[in-house]
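Data first, discussion second: the structure below is written as structure tokens.
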Amino acid sequence: MNRILARTALILLAAIIGLYLLLPVLVVVPMSLSSSSFLTFPPKELSLRWYQQLLDDPSWGRSAFASLKVALLSATVSVILGTLAALALVRGRFPFRNAVTAVLLAPLIVPYVIVGLAVYIAFLNLGLTETTLGFVLVHTCLGVPYVMINVSTGLVSVDRRLEMASMNLGAGPVSTFFRITLPLILPSVLAGALFAFITSWDEVVTAIFLSGPDMTTMPVKMWSGIRVQVDPAVAAVSSLSLLVIISTFLLMGAVKMIRKMIDRRASLTMNEGI
Amino acid sequence: MLALSLSACGGAGTASDEKSLTVTMWGGQAQSAHVASYFTPWAAESGVTIKEDSPTDYAKIETQVNAGKVNWGVVEVEPNFANTACEKGLLEKLPQRVIDAAKAAGVPEAQMGECAIPNLQYTFSIAYNTEVFADKHPTNWAEFFDTKTFPGKRGFWKYATGGLFEAALLADGVPADKLYPLDLPRAFAKLDTIKKDIVWYDTGDQQTQLVASGEAPLVQAWNGRITKAAAEGQAVANDYGQNLISYDQVVIPKGYPNAELAADWMVWFLGNGQAQADDAVASGYGPVSSDAIGLVPEADRKDLAGSEEVSKDSAGLIDYSYWAKNYDSVTEELNNWIAK
Amino acid sequence: MSVAAGTRAALRQPAPPSFASKIKNFLRIDGWGALVLPLLVFLILVFILPLFVMLQKSFTDPTFGWQNYTAIFAQSVYVKVLGNTFLTAAIVTAVTLLLAFPYAYLMTLATPKWRTVMLVLVLVPFWTSILVRSFALVLLLRDTGVLNSLAQDAGLIAEPVTIIRTMSGVVIGMVQVALPFAVLPIYATMRTIDRRLLQAAEGLGDRPSGAFLRIFVPLSLPGVAAAILLTFVQALGYYITPALLGGPKNTMIGELIVQQVSTVLRFGFAAALATMLLVTTFLLIGLASKYFDLQKHLMGQS
Amino acid sequence: MTKSQETQYESSGAPIRISGISKTYKELTVLDSVDLDIRGGEFLTLLGASGSGKSTLLNILAGFVKPSGGTIEVDGVDVSRLPPHKRGLGMVFQHYALFPHMSVAENVAYPLKRLGVPKAEIIRRVGEALDMVDLGRMANRKPTEISGGQQQRVALARAIVFRPRVLLMDEPLGALDKMLREQLQLEIRKLHKDIGITFVFVTHDQDEALTMSDRIALLKDGQIVQLGTPEELYNAPSCRYAAEFVGVSNIFQGSIKNSAFIDGQHAREFKLPLGHAKEGTGLMIRPEHMRVSPAGQITNTIHDQIGATVEDCIYLGSSRTVQARTDAGALLIARTEVPRSPDGIHAGAQIQMHWEAADARVLA
């Protein structure tokens, strides 16, 4: 009886937390449908005015494209560098281990404001501000610890005997990594990549420093008017990206289902899997 | 808007770089209005490409100038920064032709700087919620500070240059022409009387939210924001009693390669009252040339800084030369007082 | 060093374990270990180097010396901001943990379908800009906001509860941002705990609550430690959320740094504030690592 | 019991020569200069308690652990410096180490793909290998979708599909239940006979070692204490450790003096078997050679005997075990076939335990 009571309380708590996580996100949708040029909730009149403005103003599309490019590239570089470093941390031996680890994790600890300013001073002289390369370099620093942490955690749980088995069966270390280790830690790598992508996609503080007329990312575009006025188009952008993520989740679910169906059919005919 | 996007796309070519001007302002819809009203027409006339950036960031200006890589051409700043930065050598001194153009346009002497021309004016005035104060609302700062007659929270901008000291001294009976240098102890003493009712805002959005929602039915606000909100049907209004006139300035960071082009634009802008009038209608901020206000349609005029209606009740201009000298120290005092 | 000195040293230490070979052994790096080099070099060049240039400014801008540091302590307001920063981060961490732990626990109990739903709920906020979420919270929480109006209409409260511009507002906003970062590592650890251990403990006569406290909770500690560290350290650097949801009394150091840099142009002072924050953070982490192996808990390493 | 002398080896199994292999970790010596010649095609078991070094030796053979000293020759070629993937030795791991993200067929095809075998042949050989372990219909299952015994067979198929000349097995049956283990022991033996390659098998289970091996190398503290056929190990243990580790034994402690064994504990003198060693510290009698009689019934003078009190009498179906304690406190065990169990043997009864001197063994 006690246990049922505790479970019910737990479920209730989780429901409240879920609402707490979701509500501020969902409120954005009606906000974006308001006809007012102020962010209001609930909206007095519904209109698609701000979506129209997104379409009319090509700078939104440009900044979205710039953000996407930077986020994809920096997530890719983060995954490569972060996975290598995780392999070294979990498997390897190298000197000054604590100091090196501290350097690798430092981007988690240093406030972005400091990073932004420091990097701005350095990059301005190198001509790297307002360039994709500049953004990718900085956002890789910010995203790479997440990849490292995720992949390290994944690597620790990999049964070393599987790698030994692979090498025993004639695969070299590199081949073993790509055929056995990588597929096994793939969920961790993808989780790390997701973190790195989002870190870059949503990053505004260092991006403010790096942005300029030649290159502005989406969060900077959203942030730009804040001291004067928040453009309700920002709510429209958020709603759209929400739509994208929800459809991605649905798509992933669909792909999973289709794969299961194919698997089932394939198991009827032997040796196809080879 | 279309012209802007085309020119911005064309900006990638190196040939057009020689005739491009980068404009940096505070951002948002106000910036869109400014650019559309008084940058794009000039750019079209003179074959220059306009590049836009936002928001203004003083740290970026200093870093760019110190690094000798200046990307920003015309930058919208607060007058106290324009003053300090000009002294520190971060900004280009105005060429004589800009100063002459300003004189010719009748720009108030007080709003000019050695390195800066004003680009718009607005007021710190009393914004009130028309539902909470349907019958009677404060019409001067003494009433604004009177929480007995007008109960409710008061909103102030949390920066030293937000006009709160001036308002406090006016409320305490200091004559408008004897405000500066500010009697800070007296101002803090007056502010102490309503301290528990003060709500601090940071962004322009917050002020309209505060008044419109009734959370703080009285706010010392920027008049343009309140006018816009009222036009959208929100229950807010301005009272211009003892309003304090403020202005933004535009400057050219030192060493900007196309500084001449920027100066060209300044001359064009000061002499083009129509462009300023168009901007005033679109943005809600007042024009700076004396003839421009007359070009604004009657209906929009009464809520613009620089108009007869607003000027007659004004307590005067905020003295940014005072603030240029005292901003840092008063900011520390203010932060300390808030934190107490 | 002279030959004689070398000999004397050898005499004093009858069996010298060859200093050179010790160094060599210490500096040894194997094939796996070498994989750390690309990232290390990358971070040193792109991250650490600019940071040093910046931090050096705290001693040289505007003039050489400690004046930026003495200036911090000359004004009580800056000390207060520092204190407030750590206090807020601590409260945020505690609240986040209190919510994240049961949530993650329920995720381990839920059916796969519900677990996916709960996971999506955690991930979705990632995809909405912090800026927009903070604004949405303002609209929901302010005195005349949706939640206060609903509660008043329902007769739960007579007067609106002021949340915005108070510490609670900041905490509510920051916890919303921090929760996903805490739930994920805790859940990752909990998932690996063998539930049969709980049954075993109950079989050995422990009450369910006792078995939970004595078996499950200690086993989930690595994830909890990682969550605490991530939440706390990130909370120290927040500035958008406290700027929007807090009042001037809730100013955090990140906001102060931006203010000093962008509006007052005191680079050196801002750098000094940043250095203080960095040093304090590293000290705290150092202190924490005395009590548990951070690398292990953060990376799941042995 | 296997008679190694009678087993016909096929020539395809490679001989392995282990010379002076050592392994130390800091201060800990895991293997201490081990020498071992494994004949081509034989089934050799490395037997030992955990920590004896048997798995380390296997891992050194496979190339996963670098020895601190010594060499490994396979078929006369020194492989000590080769990485694991170039040694061409098949291996079955503890808990099988099947790749969880690949199907059964993909697992078995893995080594063939590394060798670049043409696809058609891969399909054929994978089919053959799976048929050999009777798992053809499981080809497209994932390892998590089949039982433990089936996983073990997949691991076996995967290890032999590329026709290695040596198969290493690291406690491959440890995770299975008793019935399945016994069944698989026989299957692995049959497989060994069928393919004729060299098997090196690691286990801590003496029954398993006795059942399966041609020869057993018994390891203790990083050294081989005895190498021989199962019979030799059982009947002629070289030392007390070997006697106790393999099978159950009754051991009297003492020394040899004047062609007799002096038991210190009981202050008794026992006869020695013919051709006994000159030196020894113990005398061992296996339980099945130990007889029991009610007290005072013994007349046979070629038997040695000792009085004891029965503590327990355990019925095992085909046999009966009697546990009895001497006055000096030593526990002795006798196993008797059920019909021969005499009356008067029950808990608390005074009995005589006796044995023929020829069945006793002197331990070094």
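Letters A, B, C and D mark the chains in the order given here, with residues in each chain numbered from 1 onward.
Note that in this section a contact is a pair of C-beta atoms (placed from the backbone, for glycine too) under 8 Å apart; a residue touches a chain by one contact, two chains touch by 3 or more.
Labels paired with UniProt names: A, C = ABC transporter permease; D = Spermidine/putrescine import ATP-binding protein PotA.
Keep in mind the model is a prediction, meaning the values are calculated, not measured.
*Asks:* Could you let me know which interface, A-B or A-C, is made of more C-beta pairs in contact?
*Replies:* More C-beta contacts join the chains of A-C.
*Asks:* Would you mind pulling out the distance in Å between where the CA atoms of subunit B average out and where those of subunit D do?
*Replies:* 91
*Asks:* Centre to centre, by mean C-alpha position, how many angstrom separate subunit A and subunit C?
*Replies:* Here the centre of subunit C sits 18 Å away from the centre of subunit A.
*Asks:* Could you give the separation in Å between the centres of subunit A and subunit B, each centre being the mean of its C-alpha atoms?
*Replies:* About 38 Å, centre to centre.
*Asks:* Can you compute the centre-to-centre distance for subunit C and subunit D, using the mean CA position of each chain? Integer Å is fine.
*Replies:* 55
*Asks:* Which subunit C residues sit where two or more other chains touch them?
*Replies:* Where subunit C meets two or more other chains at a single residue, that happens at 135, 261, 267.
*Asks:* Pull out every residue in subunit D that's touching 2 or more other chains.
*Replies:* Not one residue in subunit D touches at least two other chains.
*Asks:* Which residues does subunit B have that touch at least 2 chains other than itself?
*Replies:* As it turns out, subunit B has residues touching two or more other chains at 57, 59, 202-203, 205, 209.
*Asks:* Testing understanding: with touching defined as stated, what is the shape of the graph linking the protein chains, line, ring, star, complete or other?
*Replies:* Its topology fits none of the listed shapes; call it other.
*Asks:* Between which chains does touch occur?
*Replies:* Final set of chain pairs in contact is A-B, A-C, A-D, B-C.
*Asks:* Applying the document's contact rule, which stretches of subunit B touch subunit C when the two form their complex?
*Replies:* Residues in contact with subunit C: 57-59, 62, 81, 84, 158-159, 199-200, 202-203, 205, 209, 213-215, 327-328, 331-332, 335-336, 338-339.
*Asks:* List the residues on subunit A that touch subunit D in their complex, please.
*Replies:* Listed in rising order, the residues are 159, 161-162, 164-173, 175-176, 179-180, 183-184, 266-267, 269-274.
*Asks:* For a test of understanding, state which residues of subunit D touch subunit A in their complex under the given definition.
*Replies:* 62-64, 83-85, 87-91, 93-95, 97-101, 103, 105-106, 109-111, 114-115, 119, 122-123, 126-127, 136-137, 139-141, 158-159, 162
*Asks:* Which residues of subunit C touch subunit A once you look at their complex with the stated criterion?
*Replies:* Going through subunit C, the ones touching subunit A are 26-40, 42-44, 46-51, 53-54, 99, 102-103, 105-106, 109, 118, 120-137, 139-140, 146, 176, 179-180, 184, 188, 192, 208-209, 226, 230, 233-234, 236-237, 239-240, 253-254, 257-258, 261, 267, 270-271, 274, 277-278, 281-282, 285, 295, 298-302.
*Asks:* Note which residues of subunit A are touching subunit B in the complex, please.
*Replies:* Subunit A residues touching subunit B: 36-39, 44, 56-59, 117, 120-121, 124-125, 127, 129-130, 208-209, 211-214, 216, 223-231.
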